[in-house]
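Pasting a structure below so you can have a look.
Think of it as A, B, C and D in the order they're written, each chain with its own count starting at 1.
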């Protein structure tokens, strides 16, 4: 099979790197992001990478925490980027086998917008595609990815097959991903998973774009409140 | 908005009920399945419901455990049903806040077939759509659903938005779903979530059918082994 | 059985409330803390309650992030309180079925001190006792508690039986714990679990105090490095 | 520090190996069990190792499933062994980053006895100590251990510090623990964790034995029902 290009030039992808370290400190997670980003850009996808720790994102579960008394909140501006992107990839290191507190905060803030609706009256994230990248030594990548992907599908994202990838090293104190004596940039397992994830995210975003999202029937919260029950009936009353 | 029918008559859906109780014992989980099934059948989807505990499914992680020394194994026959279905919904009760051991076993057996490929040389479950229903009192539904959906996406299923629903009751010893003094069949929250899940599963299965699955590029394990890296390149060598 | 007092006057307990809201905003989690605190104080335990959101705790995994370039970091002072306490109870609300980002951060910072050792050369948290309280409507309490308790035992805390309790309400938009129309302060299930947790934490802290902690043999990281393997032998070489 | 013996001759430990494979098939998990067992036996602890897959343990959540219509159920006899043991270590392989279905079943059956009480009217597992061992390549050990330890503490076990250990290898298709070309029996990280776990389990079991268990006050379910609230009072009514 020959190398084949796909014209995905109208797609936008946003990576949110949830490392605890602000720029310009080295983020090993950036290494995995780069792999995915390069593949996307070769298909003309517009890619943006944001590091959460570089922004004063407030803790809270309201869309704009400055309205709740916080002095500043970078989230409303970042949320606009999320809304513009067809593909969202949340990336996190692992600490004590859990996603980072920056990652937990990003999910809380996505949740704070989960009551918004799109032009079809579906939840705002419907029609978008979500993925996850995780880095660290030892253990816990799947658990972190599981949580991120579940949260994304809950608020409206579609999760294509194999929508995550990870780089792990078995135990402390081995080198981290971007350390010189790490030979993991050569690691076939991580590279394959990252590549497959990247393609499945692009393909699914393309399919949903072509289809103008998910059909707006059966998933409209306001209509449900107005007693359109979309063929629901209570089995006991049949 | 008026009630609207969708002709999804070429879709097949399979529910696997992972209650610990064999038929004909009452399964509260069947109550939630019924809600989803009725909606699907009104769109002419072919629906089958299987109760795992009714079949002698072997423990193990090989496709056919009779070849490993087990006396019997119902899985190979059930796997055919899984392959024929466009939509798979795994349903489970909660015990000690975890999915049932029947559910864990079903996931192990799906995993045992995860190296199979489809006619496009993708993993066999690519192009299919997965969901999850959970019942019980107290707590843990989201954790169970998270695990089931993550496992399904890992082996190739696409997870549409809000692909799970649950019925919970707060604490023991409250009535279970199908008990007479449970007024939860009236519960709007569970009914809405089950309805939205059902529609999103059907819509996504339809979209993927129309699209003839997920494009077979960038996600082909044999091609990767043959050094087609689908535009992957090592960022360090650019 | 009559009411019986225990003289636990030499014990200290620290509650860290991981609500996202700084004081003096209402924290429903404080409601559960109060139940536990009252029982402890009746046994003359010294109790302190801290709200994480009231302090500028830096994100990071080093003991003092001001040494890593952060402008301020309240953690080193809080860590002293943690070290002085025999009992640590981490309390968190649930957002999207997960512990709060404040809670994730507190665990990261506890982890940042996990290489410290006590006067017996065990890890610094050995001999202390850990618990967890969770509040929210819907679902996820056990998952949050599981994570908190697992993290605590990993860094050295002992977890007595039934070391967690939760208040849940079944679905949004029901009242929260301290709202007027919540009748859950009467809830026997939550009250029982909170009471049992409180007593088991006190009893275990007392037992460990009487015993001068966990015997310092077989669990000494420096001795292990110095080739004292505490009777470990490789089964293959027997 | 010299090697030191502890006379723990009155302690009993039970390992339940939850491999999917019945005897005499090779269980890699047995490799980790052996490390722990050798250390215990050198302190004169009585150790028994059971492989769950060798017994016809029924699925269900009642103490004896033959009373519910099952033809056979090995659990009641195994439960006696659990009750006789001061230390219970559940060991499991990882499949799709989760504990095995045999492990889920064992936890369900432990839960089926969780209403039993001991001679002090506490839950039957009070005063006992729990641990966990996990083996596999790739990822997920901490997640499995977290679940096992949380379940054990919920039903009454005490969890001492660092009560789990794991052997992981980074990615498929590396050798498994007991394969010839695995050099992991030499792995210092796994060996240290297994050794520390073993000692902490023994020390804690000894401490609880010396103390005749956890004081029987504040944790008595029947007394609670009889309105002994153990100093609980509703904070709102103070």
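We take it that a residue touches a chain if its C-beta (ideal position, glycine included) is under 8 Å from a C-beta of that chain, and two chains touch if they have at least 3 such contacts.
Keep in mind that what you see is a predicted model, and the values were worked out from it rather than measured.
**Student:** On C-alpha atoms only, rotate chain B onto chain D and read off the angle in steps of 5 degrees.
**Tutor:** A turn of 180 degrees brings the C-alpha atoms of chain B onto chain D.
**Student:** From chain D, which chain is the farthest off, judged by mean CA positions?
**Tutor:** Greatest centre separation from chain D goes to chain A.
**Student:** Between copies chain A and chain B, are the contact residues mostly the same numbers or mostly different, with half as the line?
**Tutor:** Because over half of the interface numbers appear in both copies, chain B and chain A meet with the same residues.
**Student:** Could you please state the distance in Å, as a whole number, between where the Cα atoms of chain B are centred and where those of chain D are centred?
**Tutor:** Once rounded, the distance between the two centres reads 31 Å.
**Student:** Centroid from C-alpha atoms only, then distance chain A to chain B, rounded to Å. What do you get?
**Tutor:** 22
**Student:** When the C-alpha atoms of chain A and chain D are each averaged to a single point, how far apart are the two points in Å?
**Tutor:** Spacing between the chain centres: roughly 37 Å.
**Student:** What positions in chain B touch 2 or more of the other chains?
**Tutor:** Expected reply: 142, 146-147, 154.
**Student:** Per the contact definition, I'd like the list of chain C residues that touch chain D in the complex.
**Tutor:** Contact set of chain C toward chain D: 1, 3-4, 6, 31, 34-35, 38-39, 42-43, 123, 125-126, 142, 145-147, 149-150, 153-163, 185-186, 191-192, 194-196, 198-200, 202-204, 206-208, 210-211, 214-215, 217-221, 223-224, 226, 228-236, 238.
**Student:** Show which residues of chain C lie in contact with chain B when the two form their complex.
**Tutor:** Residues 97, 138-143, 146, 166, 168-172, 187, 189-190.
**Student:** Show which residues of chain C lie in contact with chain A when the two form their complex.
**Tutor:** 20-21, 53, 59-61, 95-96, 98-102, 104-105, 107-108, 111, 147, 151, 154
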